[in-house]
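Same chain, two partners: subunit A is paired with subunit B first, then with subunit C.
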Partner chain A sequence: MPSTTSSNLDTVRNWLLAKHPERTSIAADEDLIKARLVDSLSFVEFVLTVEEASGVEIDHETIDLEDFRTLEAIERKYF
Partner chain B sequence: MISELISKDDRFQEILERLNRKSVEDYYNPYRMFDWPDSLPEHRWWMSPELTTTFGTDIAAELSEEQLYRLSRFESINFYSLNVDGIRDLIVEVTRRIHTRGFEVPSEFFHHFIGEENEHMWFFAEFCLRYGNKIYRQLEPAGDGETWSDEAASFLVFLRILLFEELVDHFNSTMAADERLHDTIRAVNRIHHQDESRHIAFGRELVSLLFRDLTANGSQEELERVRAYIRRYLNYSFESLFNPHVYRDAGIPEPFAVRRRLLAHPRSAEFQQQVFRKPLNYLVKTGILPDRELGFARTPVGRGNA
Partner chain C sequence: METVSYTSQWTAAARALESERSDALFVDPLARALAEPKGFELLDHYGGGGLVEFVAVRTRYLDDAIGDAVQKGIRQVVLIAAGMDTRAYRLSLPDDVRVYEVDHQALIDEKEKRLAQLGSPAPTVNLQRVGADLAGDWSAALRATDFDPAQPTLWIPEALLFFLTEEQSATLMRTFAANSVPGSQVAVDILSKALLRSPATQIFLSSLNEDGIPWLFGTDEPEEFMAGTGWTVRELKEPGEPGAGEGRWPYAVQPREVKGAARNWLLRAELA
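Up next, the complex of A and B:
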């Protein structure tokens, strides 16, 4: 079952902040890829973090990058 | 320009000729090569236990023998799936370069390479689908914001191919010799190891050449970025062995937490150094990396402890 609490989305946000100690906050509409908070080598780890936090099984074959571009897009799709 | 470097390098050309000859002499029909029994025994190792991600950890100690066999089965399917996806990527990259400017000399070898890789992909996929009923799909890397010079881009493409082949070969050579494994499993690993030794020999020569091109024409700043990328790539490749979907399929509870615990376990850093022993020797010897340090010390972040 998808989670309905925002605390699980905070897990995703905290994961990003832990990877980028130079940052103290990430706006819900910030483009994570453009800001290079996620790149090609961290994308897998990032998707796994969303998958665990949301409890939604993500089909890696049909993933749409747009659903991972911002925290609000992730929330809309997976939480 | 890479074509000038290649055309001036007699050693590279001699090696290429030898490898081309070997490819022709060793040619085989993969579609007739293997015995494919209807099923393989479940109560047995499918992968050398030392190559499984839980080996030597408290998590393995918590599992029964039956669970460990089951886990080795799904880990082996994940390993062959990594091969299927990895080979697709390298075929695409080599196909992009065959018979293009700069790659005139190695193009004949590229024909052997693409043909052989296509066959490897077939037998790995066949194994996954016959005995695992699935191929674990890897995520397409997304969001690469790095910009590279042409020299660095070509160097990184062939370095990634080489590192992927070296990682796989560590597993293949170990499993080919492991008498605890079924003959079909050993054969798949043995055949792949034989072909890959040629591809690795070629890859090491080409990557060394491309590195000379990069250091001659690139900036120090870019070289440092390339080195940082290589270390991250080695960690990324290693982590792909730890697939939470595998733990789930093997019936291990809390698969994501298990993955985090395993990656944070001291054995993982040790295991990574074993897996990349040969390529790290190569990278340090050629000066591509200054040392073997990969900074693989995972901070367990994620649900509940971020």
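Up next, the complex of A and C:
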């Protein structure tokens, strides 16, 4: 995997960690919604963060939540 | 008590937490006792999602709306779905203000029992409680008190509309209008439809659904919704903005044009 990819995914991980100072790490397969790392009010900002980090344009109207459930899923779909 | 009425213990628990902060937006000394027995459990069960912060910001926003309205001379404040609200005790309002709390009778009985256990603290204003079903014809019960529809009124249906359908919410607003004279106001919180639709909200919404207290109504066009019921929006804010918990809101405030952003509206409207 090219190093730029993982460092870009790190941008997403770091965004989550910055919002949750009580956490020091997030596993690739951790359910971000169940763990309350992302909620409805932060979701749009989160999607924008993924968009910026991956350079992939995301249509907010047709988002499939499953693509955002875990860092792994985000990497698969957008990186 | 109706299942939905326990949600008033939940919001009371959130107010208790806010009251205990050093930078509290308000202090509600009765909240912790009125949150019993289920409030903290519910808070924990549904947790996160900015709910505690939102309750704090909303409470203060509506406290301020009451302060302003009273300053403008309004003397009737009707708390619709008042739940465990204690504004009649904790706001220092002029003593000629009349506060009416409308909610299910079983909720009122529970609240009065708990207040009695606390030694029956005295409200600082003239307070009357009205037991009624807000989905039905409740205004007759209000008018059976000394409530005077010929005097300007401030109506506050706090944390209620999401439990109603859009049609029921509109009927409620029209009922306010029908019992109001010019100069009357509504101050209220409304969910955005985007919040109800957001993929990230669905787990929370389905658990509310399973628990028999589904969230139903939200709108992305609060001005239009209010205008359609006879009320002109004079102020529209979102949490995190100046006058609505600025500095205390853990989320970015998304510009209005960002489509699909989950929002909570806080607004004040005047009889059109």
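In the analysis below, the second predicted complex is superposed on the first by the 75 of 79 C-alpha atoms of A that agree within 3 Å, B and C clash if a C-alpha of one lies under 4 Å from a C-alpha of the other, contacts with A are read in each partner's own complex, and residues count from 1 in each chain.
Here is the rule we use: a residue touches a chain if its C-beta (ideal position, glycine included) is under 8 Å from a C-beta of that chain, and two chains touch if they have at least 3 such contacts.
Predicted, not measured: the structure shown is a model, and the values here were computed from it.
Peer 1: Does subunit C touch more residues of subunit A than subunit B does, or is it the other way round?
Peer 2: After superposition, B is the partner touching more of subunit A.
Peer 1: A:18 in the overlay: touching subunit B, subunit C, both, or neither? Say first, second, both or neither.
Peer 2: first
Peer 1: Looking at the overlay, does A:63 come into contact with subunit B only (first), subunit C only (second), both, or neither?
Peer 2: both
Peer 1: For A:28, is the partner it touches subunit B (first), subunit C (second), both, or none of the two (neither)?
Peer 2: neither
Peer 1: Who does A:39 touch here: subunit B (first), subunit C (second), both, or neither?
Peer 2: both
Peer 1: Determine, under the contact definition given at the top, whether A:52 touches first (subunit B), second (subunit C), both, or neither.
Peer 2: It touches subunit B, and subunit C stays clear.
Peer 1: So which positions on subunit A get touched by both subunit B and subunit C?
Peer 2: In subunit A, residues 19, 33-34, 36, 38-45, 60-61, 63, 65, 68 are touched by subunit B and also by subunit C.
Peer 1: Write out the stretch or stretches of subunit B touching subunit A in their complex.
Peer 2: Subunit B reaches subunit A through residues 137-146, 229, 232-233, 235-236, 239-240, 244, 256, 259, 299, 301-304, 306.
Peer 1: For subunit A, which residues are in contact with subunit C within the complex?
Peer 2: Touching subunit C from subunit A are residues 19, 33-34, 36, 38-45, 60-61, 63-65, 68.
Peer 1: Could you pull out which subunit A residues touch subunit B in their complex?
Peer 2: 8, 11, 14-15, 18-19, 32-34, 36, 38-45, 47-49, 51-53, 60-61, 63, 65, 68
Peer 1: How about subunit C: which of its residues touch subunit A in the complex?
Peer 2: Residues 47-50, 195, 198-204, 250-252, 254, 258-262 of subunit C touch subunit A in their complex.
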